[in-house]
Amino acid sequence: MTFKHKIFNLVDENNKGSLPNRAFNLFIVFLILLNVAAIVLESFSRIKSTYSQEFYFFEIFSVVIFTIEYLLRVYTADFKYPGKTKIGSIGTFLSSPLAIIDLLAILPTYLPLIIPIDLRFIRILRLLRITRLFKINRYSNSLKLIGEVFKDKRSDLGVTIFITFILLVIASTLMYYIEGQVQPDKFPNIIASFWWAVATLTTVGYGDVYPITGLGQFISGIIALLGIGLVALPTGILSSAFIEKINSKKKADVEKCPTCGKDL
Amino acid sequence: MTFKHKIFNLVDENNKGSLPNRAFNLFIVFLILLNVAAIVLESFSRIKSTYSQEFYFFEIFSVVIFTIEYLLRVYTADFKYPGKTKIGSIGTFLSSPLAIIDLLAILPTYLPLIIPIDLRFIRILRLLRITRLFKINRYSNSLKLIGEVFKDKRSDLGVTIFITFILLVIASTLMYYIEGQVQPDKFPNIIASFWWAVATLTTVGYGDVYPITGLGQFISGIIALLGIGLVALPTGILSSAFIEKINSKKKADVEKCPTCGKDL
Amino acid sequence: MTFKHKIFNLVDENNKGSLPNRAFNLFIVFLILLNVAAIVLESFSRIKSTYSQEFYFFEIFSVVIFTIEYLLRVYTADFKYPGKTKIGSIGTFLSSPLAIIDLLAILPTYLPLIIPIDLRFIRILRLLRITRLFKINRYSNSLKLIGEVFKDKRSDLGVTIFITFILLVIASTLMYYIEGQVQPDKFPNIIASFWWAVATLTTVGYGDVYPITGLGQFISGIIALLGIGLVALPTGILSSAFIEKINSKKKADVEKCPTCGKDL
Amino acid sequence: MTFKHKIFNLVDENNKGSLPNRAFNLFIVFLILLNVAAIVLESFSRIKSTYSQEFYFFEIFSVVIFTIEYLLRVYTADFKYPGKTKIGSIGTFLSSPLAIIDLLAILPTYLPLIIPIDLRFIRILRLLRITRLFKINRYSNSLKLIGEVFKDKRSDLGVTIFITFILLVIASTLMYYIEGQVQPDKFPNIIASFWWAVATLTTVGYGDVYPITGLGQFISGIIALLGIGLVALPTGILSSAFIEKINSKKKADVEKCPTCGKDL
């Protein structure tokens, strides 16, 4: 096994076998979790002002590790996509969603070195690395199942979202014309009214905006009741998809007729 | 192909083949979306006062286009409903839900020409055209499935709505008698109490009205818990309908007995 | 057909055929709806003070009609329960849930004639008659299906309610000890805390009571997330019950083997 | 039957047959319910100050009974786990979840006798005994079914919780950076922001914290809509699990071919 192959076996996420690989992945997961913890702690102004240097060093340290990992993946991309040319495999890797997330997670820390501006906000892109946690092998089967269910039903779920959107537009326009006259501060325009519509249709109901006219309350009630249908629709779609998956899996376990021995 | 047939192929919504037809439908969809955007932007008082003339011209322009489209559809109605007489096909078209929506969308702009009153409110009926977006071919299968599911279960869902209504009436009457004594401003009558009942049963809970007496809170809790059943009932109905649809589709793919070759 | 038989055919709710019977049932339904409307209108203090006499006469009129209907049902009870003796059939009728509701609906209006007290509150028991609307033939199949689903799964749903109750008790006790120290006015005792627990678990969240301590918010979050499971559990139970019902119905349509002609 | 065997038959929870055993279990359930009632009543400061001694005596009485029950179970553990040695069976019993709960329920009352501090808070651990109510035979089948459903799908449900958690982390970090600038008192740090995220994703929406900036409201709307997916996902999983259970149960009722008499 060449050195490059060894590197690939170390950093590859799908290589379940070897101990060093598992240790490496565990280390990366641990570092990601520490970064999440750091971002959370940094948000406490008192903690941040006391340990600002420690946070800064930890960020540099993490990003350097993440950068090395990213470069090693680029270097071994031809092992990951064996059927492609060297350049082709690197291109495929660079444009994969996870690689883009990884790049977005490390870039903001390097940017101030080039452009002299403080990009505090986009530095939290480091957080995106949390999605890497989905790669943990433990859950991979369930995650795959859920992913397939959403993929199978993406068209039905898309229609649900579409219906929801049209409902929100109609409701918020109506509400602007009805309540905007009485509560111009709460419903000053249709965009503000849209906020009420979302909060009502999803049954969140913060209580910062609500209708006070009779007609407004009537429409609000209709929207809230439709919100229940909005929950029922995707749930029904997903339920049927899960059942379909289970049944087709069982079918795949071919059954033979016990009498004549032929496939049923 | 006659000129009239060409016109029909251009404006027909179900004609998936030709390029001009697809371009025409795309243009109409685009114009509808621009109208929605215009209605939303017009609701910002500052934008409206600055660009009031532009909005007005855009409305006239859109409505003229929509009117021409409507008239062309009337003109080619006998192609759409081939089995009917000229008059019969126009009558069928005019009384179809989408044609009524289209008429409602254009009429309010013409009305002020006849009656000298400002009908600002009903001019937003243009928004109804948004329902036309459902005609986009991409989603038509999923939309048809969801439509059939609701149609198959309209009786079961009707009973759910009926139970909900009776529950709301009983809850709001009770609450008026219990809380109306202590909070006469929040529960002044049963209609106002109904507003609380809807907000509670749908679990929106804005927080503008809530019980403060022990008995009122007890009933409110019961209603909120029943609200969970209210979500569970239609969801269960829709789930079973989706599964039924999938199974009956599979059955339709006739299976033959592998041994004797006959249909099972 | 005897006079008594004719009366029975008139007032019986399950006799779908005859015109007079359908007219009679429609009249009763109409009267019930008018009574609901009257109760709602009476709750507006201004309307009540203006038309108090009209409301009183309408109540007397309705209750007299309901009383006559009730007595006619008692009179013809032996036709409804043919296998029983005269006394037995009356007893069975009097103890049926719908007869008890009907009695509760008429009694409060007669009571002041006997006891000289004003029982304004219990007079709204007339509202109970609204449950009679469930008897409308249109919905009877769907209503029967929903009823059977709840009956089949009453044990599973009972456990769900039981789990909910235990969760509420534990959550509200914890919250009383945690938040009661900081917000003694909002969480003065466990019963008050229970009100918060119900509003949170059902995701109503009025916003009149909410935790402000870190630990309180943590527990509140857990309860709210469990609240989602609380929705998922009965929904899953009801979904499976609806599917079971549909499948067992299909099975009942006996299928024969197309080759040998025997039942499968 | 030895005296020890008689004791075992008395205190064993799975022994459905004998009358004394059922009476004993009923007495324990009754005592648990009384303890719950006592804890609730004690939370009313006026009731507590008036009857503080009665509550104290009742607690001592209950805990003594619970202690005796606990010791009898330890004593007869070798009957409960027949295949093990005396020591092994006691160890198995002591480490069973219900035994740990029972120990936690009685310990806090004894602690002040050893350590001279007032542990008022942990004394409510007595409440944990409420979980014992799940042992009531009536519900055992349904409870077992629900337990199995959760066990079968623990991996899928785990992924749902995992997705929820990652969603909450990302949403609350974003919201801290967006709303923290405008409402530093409501979103002072990411942990406080997490509280908002939970209340929104679960659609509780107390209304104590909500976004006021346009971008914040936009993200809040997205989270609320995703919250609906969060309900749909576990519901779909549980629905399919319930259906699977019912189907596999039916399969277990072996069907024979009506023609040749052999098992299918």
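Letters A, B, C and D mark the chains as written, and numbering starts fresh at 1 in each.
The rule is simple: a contact is a pair of C-beta atoms (placed from the backbone, for glycine too) under 8 Å apart; a residue touches a chain by one contact, two chains touch by 3 or more.
The structure displayed is predicted, hence computed values, not measured ones.
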| item | value |
| --- | --- |
| Angle, in degrees to the nearest 5, of the Cα rotation that carries chain B onto chain C | 90 |
| Chain B against chain A, contact positions shared by both copies (same if over half, else different) | different |
| Contact-pair overlap exceeding half with A-D, pair selected from A-C, B-D or C-D | C-D |
| CA centroid of chain A to CA centroid of chain B, Å | 30 |
| Whole-Å gap between the CA centroids of chain B and chain D | 43 |
| Residues of chain A touching at least two other chains | 191, 203-207, 231, 235-237, 239, 243 |
| Arrangement of touching chains [line / ring / star / complete / other] | complete |
| Chain D residues within the chain C interface of the complex | 36, 39-40, 43-45, 121, 124, 127-128, 130-131, 133-134, 139, 141-143, 145-146, 149, 164, 191, 194-195, 198-199, 202-208, 230-231, 234-235, 237-239, 241-243, 245-246, 258-259 |
| In the complex, chain D residues that touch chain B | 203, 205-207, 235-236, 239 |
| Complex interface listing, chain A residues touching chain B | 155-156, 158-160, 162-163, 166, 169-170, 173, 176-177, 180, 188-191, 193, 200, 203-207, 210, 214, 217, 220-221, 224-225, 227-229, 231-233, 235-237, 239-240, 243-244, 257, 260, 262-264 |
